[in-house]
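Chains here go by letter, A, B and C, matching the order in which they are written, and residues are numbered from 1 within each.
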Amino acid sequence: MSSVAFVFIAILTLAAALAAVTLRRLIHAALMLALSFLGLAAFYFFVGAEFVGLVQIFVYVGAVAILIVFTILLTRRETETTKPLHWFAGGAIALLVFVALAWAISQSPALAVSASPRPSISVKQIGETLMTGYVWPLLCLGLLLTAALIGALVLVMEEKR
Amino acid sequence: MPAAVFLDQIFVRAKQFILSPLAGAPPWVTQIVSSLLSISLLLAVFLSLFALMSLWERKILARIQNRYGPNRVGPFGLFQPVADGIKMLIKEDVVPFRADKVVHFLAPIMVAAPAILALSVIPYGRNMTAFSIDGGILFFFAVGSMTELAVFMAGWGSNNKFSMLGAMRAIAQMVSYELPLIITVLPVVMIVGSLSPDAIVDAQTGYKMGLIPHWFVFTPWGGAAFLLFFVSGLVESNRTPFDVPEGESEIVAGHMTEYSGFKYAIFFLAEYFGMFAISGLAVTLFLGGWHAPAGVLSIVPSYLWFFAKLGVLLFVFIWIRGTLPRTRVDQVMNFAWKFMLPMAFACILAAAIWHYAGRGWSGWLASLGFIVAAYVFLSRAAGSRRKFVRRTYRFAE
Amino acid sequence: MTPTLPVFLIVSSALFCLGLFAALSRRHAIFILIGIELMLSAANLNFVVFWRFHPTPVEPTGVMVAIFSIAIAAAEAAVGLALVIAVYRHYRTTNVDKLNQLKG
């Protein structure tokens, strides 16, 4: 039962990602990217990290996908000049990397671990960990997000002439 | 009291009864059957509520405008939704020649799906949550944030300027009001200490002196947060006075311009389901969920109380639509960033004051004072760049 | 839970390589950003999966890292897309091949 679900989610995610990187029209690619993010969220649900899955949907589908779509609209005039050579070279390198990674994964003896019983990690537990052990990273993250917000605004602000 | 308890738990019992023959089956079979039961009941209840609501809205609007409203089909026009449904079904389904066919087709589905999903985490009665998940509130908003992409798909897929403009307006408005919407939920989450809707409803159990219920709306921060939440909810569901994205007099019907027949009906359904979901969440968070408004009235089944409160909120939605004019785009945006958002933060601080002052009368008053001060500051001191002068009518007087 | 750790890792490395492919071969800046997002997501998946297969997944370490990295990815996307818009305003193109001048 769970392996059926796994295969389904994996095929959905990978097919959507493949479509996102190969489609010609940018908007379709962005929508497919959102679909593959949803598939990833399903993965997180599948391994028992519900909170991460929800955050994934919230941040990626709700915010990043919208950002990408808005940027596409603001920068119309698609000038895609990917030549067959580009496709071939990029594809070959990516395939090579994949083969190397897959070989390494299949050879490694350290990965032959069986799963422990499904962990039940409550949102409260995550919140307490964030507020105790990870409070400095959290504060730094807040600073980083504020800086990114201001930076993005400054970048796209109309230049005064 | 057993009769009352039985009536209260009748749906839970019925589900257990249906599931009892499956006792020997593997757990996933039970799980799937149980989910299917919950889903079909949810859909049945809310689809009939949608039908009723569409009639109710027209009736109330008509009364506000001094007319009768639909009264031809069936007694009191009760079968009007059926007639509307048949009309929608037999209309031609027009797809624009230059439209992006697939996106155009998928958009209504993608708009309706999040609204239906969001309904699943709301506790409708004692032990009556279809999908109880630890982070239910987060689920609600995560799913709700998918609507924006769907609205964009509708606007872009139609390949029409009005559609695109409407979609852009809708997304801009929904993104800006999502912030106050979520931040007004935070005080409740922080006071309760849980993201689970069931825990939030449980935290509002009990009555002060047997009369005033412990609902969060009766605390100063809760009341303010409820109002802010409700206004943001109005915007999120694109209802008047914030229906800028689909204002007929400006941009035909916004992102729904190129939709006809049943696809248009699905957009309509999604709007109403979104209203149900937002109102349901408001009831859960601030109005005590399925708790009765007084201890004596607890004998009435809990789900009836939930739907009564939902009905009141939906009535307010219609009432506002009948009485307020549409706002301008820039007004909507200014209001979000300059008033709603700081006010939502003030709610969090007021909740903290209430909590650390021991949740008693002194905390209540201090919190009220803080809210009033924040309101006065934001509406007077901070927002007085443009002085409002008395409007003079040159030709009317 | 039947899928084993290597299967998960294969899926995430496939995702990573798809992102790499987009970043290497596409010429549109937004496609490159899409590729980077995919690669980041693959890394995220790895964190969560390794946490899941830890002998005692009680401490939510992997979950923490995933949450932080999602937040950072969001910041990165916002700044990256703002850069794309700024570049487009300046050069009237988003094709990275045509952005070959140091002079503005």
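Basically, a contact is a pair of C-beta atoms (placed from the backbone, for glycine too) under 8 Å apart; a residue touches a chain by one contact, two chains touch by 3 or more.
Keep in mind the model is a prediction, meaning the values are calculated, not measured.
> Report the most central chain, judged by the distance from each chain's C-alpha mean to the global C-alpha mean.
B
> Can you tell me which chain pair comes out on top for contact count?
A-C
> Can you give the whole-Å distance between the Cα centres of chain A and chain C?
Computed from C-alpha means, the inter-chain centre distance equals 6 Å.
> State, to the nearest whole Å, the distance from the C-alpha centre of chain B to the C-alpha centre of chain C.
Those two chain centres are 34 Å apart.
> Please tell me the distance, in whole Å, between the geometric centres of chain A and chain B computed from their C-alpha atoms.
30
> Which residues does chain A have that touch at least 2 chains other than itself?
51, 55, 63, 70
> So which bits of chain C are touching at least two other chains?
none
> Give every residue of chain B touching chain A within the complex, in rising order.
By the definition above, chain B touches chain A via 26, 28, 100, 103, 133-135, 138-139, 141-143, 145-146, 148-149, 152-153, 156, 164, 168, 171, 175, 178, 193-196.
> Mind listing the chain A positions that touch chain B in their complex?
Per the touch definition, chain A meets chain B at residues 1, 27-28, 31, 34, 50-51, 54-55, 57-58, 61-63, 65-66, 69-70, 73, 122-124.
> For chain C, which residues are in contact with chain A within the complex?
Touching chain A: residues 1-11, 13-22, 24-28, 30-31, 33-35, 37-38, 41, 44-45, 48-49, 51-60, 62-64, 66-68, 70-79, 81-86, 88, 92-95, 97-98 of chain C.
> Quick check: in the complex, which residue numbers of chain A touch chain C?
2-3, 6, 10, 13-14, 17-18, 20-21, 26, 29-30, 33, 36-37, 40, 43-44, 47-49, 51-52, 55-56, 59-60, 63-64, 67-68, 70-72, 74-75, 77-82, 86-87, 89-91, 93-95, 97-98, 101-102, 105-106, 108, 111-116, 118-119, 121, 125-126, 129-130, 134, 137, 141, 144-145, 148-149, 151-153, 155-156
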